[in-house]
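Next up: the structures, one after another.
Shared between the two complexes below is subunit A, which has subunit B as its partner in the first and subunit C in the second.
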Partner chain A sequence: MKTSKFVYVIYIRTTPEKLWQALTDPKFVRKYFFGAVQESDWKPGASWQLKTPDGRVADSGEVLEIEPCRKLVLKWRHELRAELRAEGHTRMTCEIEKSGSSVKLTITHEMDRARSKFIDGVSEGWPPILSSLKSLIETGESLEETRTWPEEL
Partner chain B sequence: MDAVFKALADPGRRQLLDELRRKNGQTLTELRGQLAMTRQAVSKHLAVLERANLVASVRRGREKLHYLNPVPLHEIYERWIGKYERHRLQALSDLKKSLEERKE
Partner chain C sequence: MQNTKFIYATFIRTTPEKLWEALTNGDFSLKYWMGFRIELEQKAGGTVRILPPKGMEGHGDHAGKVVAGEPYRKLVYIWNPKDTPKLPASANMGRRKSPMS
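Take a look at the complex of A and B:
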(Lines of atoms letter the chains of each structure in order from A and count residues from 1; the text may use other names and numbers.)
(Lines give C-alpha, C1' and ligand atoms only; values in the text may rest on other atoms or scores of the structure.)
Protein backbone atom coordinates (compact mmCIF):
# COMPACT_ATOMS: atom_id res chain seq x y z
CA MET A 1 0.00 0.00 0.00
CA LYS A 2 1.50 3.31 -1.06
CA THR A 3 0.80 6.04 1.44
CA SER A 4 2.43 9.03 3.03
CA LYS A 5 1.27 9.62 6.53
CA PHE A 6 2.12 11.03 9.92
CA VAL A 7 0.46 10.84 13.29
CA TYR A 8 1.06 13.60 15.83
CA VAL A 9 -0.13 13.51 19.41
CA ILE A 10 -0.26 16.31 21.94
CA TYR A 11 -1.75 16.51 25.43
CA ILE A 12 -3.38 19.80 26.34
CA ARG A 13 -4.67 20.84 29.75
CA THR A 14 -8.21 21.78 28.72
CA THR A 15 -11.66 20.32 27.99
CA PRO A 16 -12.78 18.73 24.70
CA GLU A 17 -15.27 21.61 24.28
CA LYS A 18 -12.61 24.33 24.55
CA LEU A 19 -10.24 22.43 22.27
CA TRP A 20 -13.01 22.01 19.69
CA GLN A 21 -13.65 25.75 19.76
CA ALA A 22 -9.92 26.45 19.32
CA LEU A 23 -9.83 24.14 16.31
CA THR A 24 -12.91 25.46 14.53
CA ASP A 25 -13.37 29.11 15.50
CA PRO A 26 -11.43 31.34 13.05
CA LYS A 27 -10.75 33.87 15.84
CA PHE A 28 -8.62 31.24 17.61
CA VAL A 29 -7.26 29.49 14.54
CA ARG A 30 -5.46 32.51 13.11
CA LYS A 31 -3.54 32.99 16.37
CA TYR A 32 -1.69 29.69 16.05
CA PHE A 33 -2.04 28.89 12.32
CA PHE A 34 0.29 31.56 10.93
CA GLY A 35 -2.52 34.11 10.72
CA ALA A 36 -4.54 31.95 8.32
CA VAL A 37 -8.29 32.40 8.07
CA GLN A 38 -10.29 29.19 8.24
CA GLU A 39 -13.77 29.09 6.69
CA SER A 40 -16.36 26.34 6.86
CA ASP A 41 -19.98 25.77 7.93
CA TRP A 42 -18.79 22.65 9.77
CA LYS A 43 -21.41 20.27 8.38
CA PRO A 44 -20.74 16.98 6.60
CA GLY A 45 -20.07 17.77 2.93
CA ALA A 46 -19.55 21.50 3.60
CA SER A 47 -16.63 23.16 1.87
CA TRP A 48 -13.55 24.06 3.89
CA GLN A 49 -10.90 26.66 3.15
CA LEU A 50 -7.78 28.03 4.72
CA LYS A 51 -6.89 31.48 3.42
CA THR A 52 -3.69 33.46 3.77
CA PRO A 53 -3.98 36.75 5.74
CA ASP A 54 -4.05 38.61 2.38
CA GLY A 55 -7.01 36.53 1.17
CA ARG A 56 -5.44 33.91 -1.15
CA VAL A 57 -6.77 30.37 -0.82
CA ALA A 58 -3.88 28.33 0.62
CA ASP A 59 -5.71 25.04 1.11
CA SER A 60 -9.19 23.84 0.31
CA GLY A 61 -11.36 20.78 0.66
CA GLU A 62 -14.47 19.58 2.42
CA VAL A 63 -15.74 18.23 5.71
CA LEU A 64 -15.87 14.43 5.39
CA GLU A 65 -16.85 13.62 8.96
CA ILE A 66 -17.73 15.78 11.90
CA GLU A 67 -18.56 14.84 15.46
CA PRO A 68 -18.30 17.99 17.61
CA CYS A 69 -15.77 17.74 20.46
CA ARG A 70 -14.74 14.25 19.26
CA LYS A 71 -13.68 13.98 15.65
CA LEU A 72 -13.15 15.94 12.46
CA VAL A 73 -12.07 14.56 9.11
CA LEU A 74 -11.22 16.95 6.28
CA LYS A 75 -10.45 16.37 2.63
CA TRP A 76 -7.54 18.73 2.11
CA ARG A 77 -5.63 19.95 -0.92
CA HIS A 78 -2.92 22.54 -1.14
CA GLU A 79 -3.64 25.37 -3.61
CA LEU A 80 -0.72 27.81 -3.67
CA ARG A 81 2.13 25.75 -5.12
CA ALA A 82 1.37 24.04 -8.41
CA GLU A 83 3.52 20.95 -7.76
CA LEU A 84 1.87 20.33 -4.39
CA ARG A 85 -1.60 21.03 -5.75
CA ALA A 86 -0.95 18.45 -8.48
CA GLU A 87 -0.52 15.75 -5.83
CA GLY A 88 -4.25 15.93 -5.17
CA HIS A 89 -6.24 15.47 -2.01
CA THR A 90 -5.00 14.42 1.40
CA ARG A 91 -7.04 13.41 4.42
CA MET A 92 -6.61 15.11 7.77
CA THR A 93 -8.16 13.57 10.87
CA CYS A 94 -8.38 15.28 14.27
CA GLU A 95 -9.36 13.08 17.18
CA ILE A 96 -10.05 14.37 20.66
CA GLU A 97 -10.09 12.12 23.73
CA LYS A 98 -10.28 12.99 27.39
CA SER A 99 -7.20 11.73 29.23
CA GLY A 100 -7.34 12.39 32.97
CA SER A 101 -7.27 16.14 33.52
CA SER A 102 -6.09 16.81 29.98
CA VAL A 103 -7.22 16.13 26.47
CA LYS A 104 -5.32 14.03 23.96
CA LEU A 105 -5.35 15.48 20.47
CA THR A 106 -4.26 13.20 17.63
CA ILE A 107 -3.68 14.64 14.18
CA THR A 108 -3.29 12.21 11.29
CA HIS A 109 -2.50 13.60 7.88
CA GLU A 110 -2.26 11.14 5.02
CA MET A 111 -2.30 10.70 1.28
CA ASP A 112 -2.54 7.62 -0.95
CA ARG A 113 0.79 8.30 -2.60
CA ALA A 114 4.30 7.36 -1.58
CA ARG A 115 6.71 10.17 -0.60
CA SER A 116 4.25 13.02 -0.96
CA LYS A 117 5.99 16.40 -0.95
CA PHE A 118 2.91 17.99 0.57
CA ILE A 119 2.85 15.52 3.49
CA ASP A 120 6.57 16.23 3.97
CA GLY A 121 5.77 19.93 3.98
CA VAL A 122 2.90 19.82 6.45
CA SER A 123 4.89 17.53 8.73
CA GLU A 124 7.14 20.57 9.31
CA GLY A 125 4.13 22.78 9.92
CA TRP A 126 2.09 20.77 12.40
CA PRO A 127 4.60 20.62 15.32
CA PRO A 128 4.84 24.43 15.70
CA ILE A 129 1.08 24.78 15.08
CA LEU A 130 0.21 22.20 17.73
CA SER A 131 2.71 23.59 20.25
CA SER A 132 1.27 27.03 19.67
CA LEU A 133 -2.31 25.75 20.04
CA LYS A 134 -1.31 24.22 23.38
CA SER A 135 0.32 27.46 24.55
CA LEU A 136 -2.72 29.47 23.46
CA ILE A 137 -5.18 27.25 25.32
CA GLU A 138 -3.07 26.85 28.46
CA THR A 139 -1.67 30.36 28.79
CA GLY A 140 -3.89 32.56 26.64
CA GLU A 141 -0.98 33.40 24.32
CA SER A 142 0.13 31.60 21.19
CA LEU A 143 3.79 31.31 20.13
CA GLU A 144 5.04 34.42 18.38
CA GLU A 145 6.44 32.57 15.37
CA THR A 146 3.02 31.14 14.44
CA ARG A 147 1.13 34.43 14.41
CA THR A 148 2.16 35.60 10.95
CA TRP A 149 2.18 33.96 7.56
CA PRO A 150 5.62 32.70 6.34
CA GLU A 151 7.10 35.18 3.84
CA GLU A 152 8.11 32.60 1.26
CA LEU A 153 4.58 31.25 0.76
CA MET B 1 9.68 17.01 29.84
CA ASP B 2 11.56 14.66 32.23
CA ALA B 3 10.05 11.66 30.45
CA VAL B 4 11.26 12.99 27.09
CA PHE B 5 14.87 13.44 28.24
CA LYS B 6 14.87 10.08 29.97
CA ALA B 7 13.57 8.43 26.82
CA LEU B 8 16.22 10.16 24.70
CA ALA B 9 19.06 9.20 27.06
CA ASP B 10 19.28 5.68 25.65
CA PRO B 11 21.17 5.09 22.37
CA GLY B 12 18.88 2.17 21.45
CA ARG B 13 15.82 4.37 21.74
CA ARG B 14 17.44 7.12 19.68
CA GLN B 15 18.17 4.48 17.07
CA LEU B 16 14.50 3.51 17.05
CA LEU B 17 13.53 7.14 16.49
CA ASP B 18 16.08 7.38 13.64
CA GLU B 19 14.59 4.29 12.12
CA LEU B 20 11.07 5.77 12.29
CA ARG B 21 12.41 8.98 10.82
CA ARG B 22 13.70 6.95 7.88
CA LYS B 23 10.42 5.08 7.46
CA ASN B 24 7.40 6.15 9.46
CA GLY B 25 4.58 3.80 10.48
CA GLN B 26 6.48 0.55 11.13
CA THR B 27 5.36 -2.47 13.14
CA LEU B 28 7.40 -3.94 15.98
CA THR B 29 8.46 -6.80 13.72
CA GLU B 30 9.67 -4.46 10.97
CA LEU B 31 11.61 -2.36 13.47
CA ARG B 32 13.19 -5.44 14.97
CA GLY B 33 14.35 -6.51 11.52
CA GLN B 34 16.22 -3.22 11.11
CA LEU B 35 17.95 -3.14 14.48
CA ALA B 36 20.16 -5.52 16.39
CA MET B 37 17.79 -5.87 19.34
CA THR B 38 15.60 -8.60 20.73
CA ARG B 39 11.85 -8.34 20.30
CA GLN B 40 11.47 -7.77 24.05
CA ALA B 41 14.00 -4.93 23.99
CA VAL B 42 12.30 -3.22 21.05
CA SER B 43 8.91 -3.60 22.73
CA LYS B 44 10.23 -2.18 26.03
CA HIS B 45 11.92 0.76 24.33
CA LEU B 46 8.81 1.53 22.28
CA ALA B 47 6.73 1.60 25.47
CA VAL B 48 9.12 4.16 27.03
CA LEU B 49 9.03 6.26 23.84
CA GLU B 50 5.23 6.11 23.76
CA ARG B 51 4.96 7.18 27.40
CA ALA B 52 7.18 10.16 26.59
CA ASN B 53 4.87 10.87 23.62
CA LEU B 54 7.82 10.66 21.21
CA VAL B 55 6.13 7.79 19.41
CA ALA B 56 2.43 7.58 18.56
CA SER B 57 0.87 4.27 17.63
CA VAL B 58 -2.15 3.43 15.52
CA ARG B 59 -3.87 0.07 15.29
CA ARG B 60 -4.51 -1.34 11.84
CA GLY B 61 -6.35 -4.63 12.21
CA ARG B 62 -4.05 -6.85 14.23
CA GLU B 63 -1.02 -4.69 13.58
CA LYS B 64 0.23 -1.75 15.59
CA LEU B 65 1.99 0.89 13.52
CA HIS B 66 4.46 3.27 15.16
CA TYR B 67 4.94 6.88 14.13
CA LEU B 68 7.59 9.37 15.15
CA ASN B 69 5.87 12.18 17.04
CA PRO B 70 8.12 15.27 16.97
CA VAL B 71 5.71 17.49 18.91
CA PRO B 72 7.47 17.13 22.33
CA LEU B 73 10.83 17.80 20.64
CA HIS B 74 9.40 20.96 19.21
CA GLU B 75 8.46 22.05 22.73
CA ILE B 76 12.07 21.58 23.88
CA TYR B 77 13.32 23.47 20.86
CA GLU B 78 10.81 26.22 21.45
CA ARG B 79 11.90 26.60 25.05
CA TRP B 80 15.62 27.04 24.44
CA ILE B 81 15.97 28.21 20.87
CA GLY B 82 14.64 31.62 19.92
CA LYS B 83 13.27 32.91 16.67
CA TYR B 84 16.51 34.67 15.65
CA GLU B 85 18.98 32.07 16.87
CA ARG B 86 17.37 29.52 14.60
CA HIS B 87 18.80 31.04 11.42
CA ARG B 88 22.29 31.33 12.87
CA LEU B 89 22.17 27.73 14.08
CA GLN B 90 20.90 26.56 10.71
CA ALA B 91 23.80 28.34 8.99
CA LEU B 92 26.32 26.70 11.35
CA SER B 93 24.78 23.31 10.90
CA ASP B 94 24.80 23.68 7.08
CA LEU B 95 28.44 24.74 7.24
CA LYS B 96 29.35 21.72 9.34
CA LYS B 97 27.53 19.41 6.94
CA SER B 98 29.17 20.83 3.82
CA LEU B 99 32.67 20.76 5.36
CA GLU B 100 32.26 17.20 6.55
CA GLU B 101 30.92 16.06 3.19
CA ARG B 102 33.90 17.49 1.38
CA LYS B 103 36.26 15.42 3.50
CA GLU B 104 34.81 12.12 2.26
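Take a look at the complex of A and C:
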Protein backbone atom coordinates (compact mmCIF):
# COMPACT_ATOMS: atom_id res chain seq x y z
CA MET A 1 0.00 0.00 0.00
CA LYS A 2 1.17 3.49 -0.76
CA THR A 3 1.92 5.62 2.25
CA SER A 4 3.74 8.76 3.31
CA LYS A 5 5.27 8.77 6.76
CA PHE A 6 7.35 10.95 9.02
CA VAL A 7 8.89 9.67 12.27
CA TYR A 8 10.73 11.78 14.84
CA VAL A 9 12.23 10.65 18.15
CA ILE A 10 13.43 13.00 20.86
CA TYR A 11 14.55 12.48 24.45
CA ILE A 12 13.51 15.06 27.02
CA ARG A 13 14.67 15.38 30.63
CA THR A 14 11.24 15.30 32.27
CA THR A 15 8.52 12.93 33.47
CA PRO A 16 5.75 11.37 31.34
CA GLU A 17 3.23 13.40 33.38
CA LYS A 18 4.88 16.76 32.67
CA LEU A 19 5.38 15.90 29.01
CA TRP A 20 1.73 14.92 28.70
CA GLN A 21 0.69 18.25 30.14
CA ALA A 22 3.02 20.08 27.74
CA LEU A 23 1.43 18.23 24.80
CA THR A 24 -2.22 18.74 25.77
CA ASP A 25 -2.49 21.99 27.76
CA PRO A 26 -3.16 24.86 25.30
CA LYS A 27 -1.31 27.36 27.50
CA PHE A 28 1.82 25.25 27.13
CA VAL A 29 1.32 24.22 23.50
CA ARG A 30 1.15 27.72 22.05
CA LYS A 31 4.60 28.55 23.46
CA TYR A 32 6.32 26.07 21.15
CA PHE A 33 3.68 25.54 18.39
CA PHE A 34 4.03 28.90 16.64
CA GLY A 35 1.40 30.45 18.89
CA ALA A 36 -1.31 28.00 17.77
CA VAL A 37 -4.21 27.23 20.09
CA GLN A 38 -5.15 23.59 20.53
CA GLU A 39 -8.73 22.68 21.47
CA SER A 40 -10.08 19.27 22.47
CA ASP A 41 -11.89 17.56 25.33
CA TRP A 42 -9.29 14.78 25.11
CA LYS A 43 -11.69 11.83 25.08
CA PRO A 44 -11.92 9.08 22.45
CA GLY A 45 -14.03 10.42 19.58
CA ALA A 46 -13.77 14.06 20.75
CA SER A 47 -13.08 16.67 18.11
CA TRP A 48 -9.65 18.24 17.94
CA GLN A 49 -8.64 21.58 16.45
CA LEU A 50 -5.52 23.62 16.07
CA LYS A 51 -6.25 27.31 15.54
CA THR A 52 -4.05 30.14 14.39
CA PRO A 53 -3.47 32.96 16.93
CA ASP A 54 -6.08 35.02 15.01
CA GLY A 55 -8.69 32.25 15.35
CA ARG A 56 -8.65 30.49 11.97
CA VAL A 57 -8.82 26.68 12.04
CA ALA A 58 -5.45 25.50 10.72
CA ASP A 59 -5.96 21.78 11.31
CA SER A 60 -8.83 19.67 12.55
CA GLY A 61 -9.70 16.08 13.33
CA GLU A 62 -10.58 13.84 16.23
CA VAL A 63 -9.09 11.86 19.06
CA LEU A 64 -8.78 8.24 17.90
CA GLU A 65 -6.94 6.86 20.92
CA ILE A 66 -5.93 8.39 24.20
CA GLU A 67 -3.99 6.89 27.08
CA PRO A 68 -2.83 9.74 29.34
CA CYS A 69 0.95 9.99 29.82
CA ARG A 70 1.46 7.14 27.32
CA LYS A 71 -0.20 7.52 23.93
CA LEU A 72 -2.28 9.84 21.81
CA VAL A 73 -3.55 9.14 18.29
CA LEU A 74 -5.23 11.91 16.32
CA LYS A 75 -7.04 11.95 13.00
CA TRP A 76 -5.66 15.12 11.48
CA ARG A 77 -6.48 17.13 8.37
CA HIS A 78 -5.02 20.41 7.26
CA GLU A 79 -7.61 23.17 6.67
CA LEU A 80 -5.90 26.36 5.48
CA ARG A 81 -4.39 25.42 2.12
CA ALA A 82 -6.86 23.90 -0.34
CA GLU A 83 -4.39 21.53 -2.02
CA LEU A 84 -3.29 20.11 1.33
CA ARG A 85 -6.85 19.89 2.64
CA ALA A 86 -7.77 17.92 -0.49
CA GLU A 87 -5.31 15.19 0.47
CA GLY A 88 -7.65 14.23 3.30
CA HIS A 89 -6.95 12.85 6.75
CA THR A 90 -3.62 11.87 8.20
CA ARG A 91 -2.90 10.01 11.42
CA MET A 92 -0.61 11.41 14.10
CA THR A 93 0.61 9.06 16.80
CA CYS A 94 2.42 10.35 19.82
CA GLU A 95 4.07 7.81 22.13
CA ILE A 96 5.70 8.47 25.48
CA GLU A 97 8.08 6.04 27.19
CA LYS A 98 10.19 6.49 30.28
CA SER A 99 13.89 6.04 29.53
CA GLY A 100 16.15 6.29 32.57
CA SER A 101 15.99 9.86 33.86
CA SER A 102 14.45 11.05 30.57
CA VAL A 103 11.38 10.43 28.51
CA LYS A 104 11.43 9.20 24.92
CA LEU A 105 8.87 10.92 22.73
CA THR A 106 8.06 9.45 19.31
CA ILE A 107 5.89 11.29 16.84
CA THR A 108 4.67 9.40 13.77
CA HIS A 109 2.67 11.34 11.22
CA GLU A 110 1.39 9.29 8.30
CA MET A 111 -1.09 9.07 5.48
CA ASP A 112 -2.34 6.37 3.11
CA ARG A 113 -1.17 8.24 0.05
CA ALA A 114 2.16 8.26 -1.75
CA ARG A 115 4.22 11.47 -1.75
CA SER A 116 1.79 13.50 0.36
CA LYS A 117 2.57 17.21 0.27
CA PHE A 118 1.11 17.62 3.74
CA ILE A 119 3.43 14.96 5.18
CA ASP A 120 6.32 16.78 3.43
CA GLY A 121 5.12 19.92 5.18
CA VAL A 122 4.90 18.39 8.66
CA SER A 123 8.37 16.89 8.12
CA GLU A 124 9.64 20.48 8.12
CA GLY A 125 7.33 21.57 10.93
CA TRP A 126 7.84 18.92 13.61
CA PRO A 127 11.63 19.30 14.09
CA PRO A 128 11.50 22.97 15.19
CA ILE A 129 8.31 22.39 17.21
CA LEU A 130 9.67 19.39 19.09
CA SER A 131 13.11 20.97 19.57
CA SER A 132 11.32 23.95 21.05
CA LEU A 133 9.19 21.71 23.29
CA LYS A 134 12.40 20.13 24.62
CA SER A 135 13.96 23.54 25.23
CA LEU A 136 10.82 24.76 26.96
CA ILE A 137 10.57 21.78 29.31
CA GLU A 138 14.27 21.63 30.11
CA THR A 139 15.09 25.33 30.36
CA GLY A 140 11.73 27.04 30.91
CA GLU A 141 11.93 28.87 27.58
CA SER A 142 10.85 27.78 24.13
CA LEU A 143 12.81 28.71 20.99
CA GLU A 144 11.99 32.26 20.01
CA GLU A 145 11.25 31.41 16.38
CA THR A 146 8.43 29.03 17.38
CA ARG A 147 6.46 31.50 19.49
CA THR A 148 4.61 33.28 16.70
CA TRP A 149 2.65 32.09 13.68
CA PRO A 150 4.52 32.24 10.31
CA GLU A 151 3.35 35.27 8.34
CA GLU A 152 2.90 33.37 5.08
CA LEU A 153 0.33 30.93 6.52
CA MET B 1 21.63 2.65 -6.07
CA GLN B 2 20.67 0.85 -2.91
CA ASN B 3 21.58 2.51 0.32
CA THR B 4 20.58 2.91 3.91
CA LYS B 5 20.14 6.35 5.32
CA PHE B 6 19.16 8.15 8.50
CA ILE B 7 18.37 11.86 8.70
CA TYR B 8 17.66 13.83 11.86
CA ALA B 9 17.14 17.55 12.28
CA THR B 10 17.20 19.38 15.60
CA PHE B 11 17.09 23.06 16.56
CA ILE B 12 19.32 24.29 19.37
CA ARG B 13 19.35 27.68 21.08
CA THR B 14 23.02 28.49 20.50
CA THR B 15 25.41 29.99 17.93
CA PRO B 16 26.97 28.13 14.99
CA GLU B 17 30.37 28.63 16.64
CA LYS B 18 29.37 27.01 19.93
CA LEU B 19 27.59 24.15 18.17
CA TRP B 20 30.67 23.50 16.02
CA GLU B 21 32.79 23.36 19.15
CA ALA B 22 30.37 20.89 20.75
CA LEU B 23 30.56 18.63 17.69
CA THR B 24 34.33 18.67 17.26
CA ASN B 25 35.79 19.04 20.76
CA GLY B 26 36.54 15.80 22.63
CA ASP B 27 36.07 17.32 26.08
CA PHE B 28 32.57 18.28 25.02
CA SER B 29 31.68 15.11 23.09
CA LEU B 30 32.33 12.81 26.02
CA LYS B 31 29.57 14.54 27.98
CA TYR B 32 26.86 13.60 25.51
CA TRP B 33 28.41 10.73 23.51
CA MET B 34 28.34 8.09 26.23
CA GLY B 35 31.86 8.98 27.28
CA PHE B 36 33.39 8.80 23.81
CA ARG B 37 35.95 11.43 22.92
CA ILE B 38 36.13 12.72 19.37
CA GLU B 39 39.48 13.77 17.95
CA LEU B 40 39.24 15.39 14.60
CA GLU B 41 41.60 17.22 12.27
CA GLN B 42 39.56 20.01 10.80
CA LYS B 43 40.58 19.75 7.18
CA ALA B 44 39.60 17.63 4.19
CA GLY B 45 41.46 14.31 4.44
CA GLY B 46 42.09 14.85 8.16
CA THR B 47 41.77 11.94 10.54
CA VAL B 48 38.88 11.34 12.85
CA ARG B 49 39.07 9.14 15.94
CA ILE B 50 36.28 8.35 18.32
CA LEU B 51 37.93 7.06 21.48
CA PRO B 52 36.07 4.97 24.03
CA PRO B 53 35.95 5.74 27.73
CA LYS B 54 38.07 3.77 30.25
CA GLY B 55 36.97 0.19 30.54
CA MET B 56 35.62 0.07 27.01
CA GLU B 57 38.94 0.05 25.19
CA GLY B 58 38.80 -2.12 22.13
CA HIS B 59 35.06 -1.77 21.89
CA GLY B 60 34.86 1.37 19.96
CA ASP B 61 38.11 2.93 18.84
CA HIS B 62 36.53 4.07 15.64
CA ALA B 63 38.60 5.71 12.97
CA GLY B 64 37.59 7.73 10.00
CA LYS B 65 38.46 10.52 7.66
CA VAL B 66 37.14 14.02 7.14
CA VAL B 67 35.61 14.31 3.68
CA ALA B 68 34.55 17.92 3.81
CA GLY B 69 34.60 20.60 6.40
CA GLU B 70 33.31 24.11 6.31
CA PRO B 71 33.66 25.50 9.85
CA TYR B 72 30.35 26.42 11.53
CA ARG B 73 28.44 25.17 8.48
CA LYS B 74 29.05 21.59 7.48
CA LEU B 75 31.08 18.59 8.49
CA VAL B 76 31.17 15.27 6.65
CA TYR B 77 33.25 12.33 7.73
CA ILE B 78 33.60 8.70 6.79
CA TRP B 79 33.24 6.47 9.79
CA ASN B 80 34.51 2.92 9.90
CA PRO B 81 33.51 1.25 13.13
CA LYS B 82 36.46 -0.93 14.12
CA ASP B 83 34.66 -3.74 15.84
CA THR B 84 31.79 -4.28 13.46
CA PRO B 85 31.85 -6.40 10.30
CA LYS B 86 33.47 -4.71 7.35
CA LEU B 87 30.97 -2.41 5.72
CA PRO B 88 30.17 -2.83 2.02
CA ALA B 89 31.19 0.76 1.49
CA SER B 90 32.42 3.32 3.95
CA ALA B 91 29.60 4.46 6.17
CA ASN B 92 29.23 8.14 5.64
CA MET B 93 28.21 10.18 8.60
CA GLY B 94 27.48 13.79 7.92
CA ARG B 95 26.52 16.42 10.40
CA ARG B 96 24.96 19.44 8.99
CA LYS B 97 23.81 22.46 10.84
CA SER B 98 20.43 23.59 9.65
CA PRO B 99 19.94 27.23 10.62
CA MET B 100 16.41 28.16 11.53
CA SER B 101 15.38 30.75 9.01
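FYI, the second predicted complex is superposed on the first by the 153 of 153 C-alpha atoms of A that agree within 3 Å, B and C clash if a C-alpha of one lies under 4 Å from a C-alpha of the other, contacts with A are read in each partner's own complex, and residues count from 1 in each chain.
Note that a contact is a pair of C-beta atoms (placed from the backbone, for glycine too) under 8 Å apart; a residue touches a chain by one contact, two chains touch by 3 or more.
Predicted model, so just to flag it, every value in this text is computed and none were measured.
For the composite obtained by superposing both complexes on subunit A, the positions of subunit B and subunit C are in clash. With both structures placed on the common chain, the touch criterion links A:7 to subunit B but leaves subunit C unconnected.
Of the two partner chains placed around the shared chain by superposition, subunit B and subunit C are both touched by A:127.
A count of residues in subunit A touched by subunit B and by subunit C gives the higher number to B. When the two complexes are overlaid on their common chain A, residue A:91 makes contact with neither subunit B nor subunit C. In the superposition on chain A, no contact is made by A:75 with either subunit B or subunit C. Contact with both subunit B and subunit C is seen for A:143 once the two complexes are overlaid on the shared chain. Shared-chain residue A:106: touches subunit B; no touch with subunit C. Once both structures are placed on chain A, subunit A residues 8, 10, 127-128, 131, 143-145 are touched by subunit B and, in the other complex, by subunit C. Across the complex, subunit A is touched by residues 8-13, 100 of subunit C.
Listing the residues of subunit B that touch subunit A in their complex gives 24-25, 53, 56-58, 67-71, 73-75, 78, 83. Across the complex, subunit A meets subunit B through its residues 3, 5-11, 106, 108, 123, 126-128, 130-131, 134, 143-145. Listed in rising order, the residues of subunit A touching subunit C in the complex are 8, 10, 127-128, 131-132, 135, 139, 141, 143-145.
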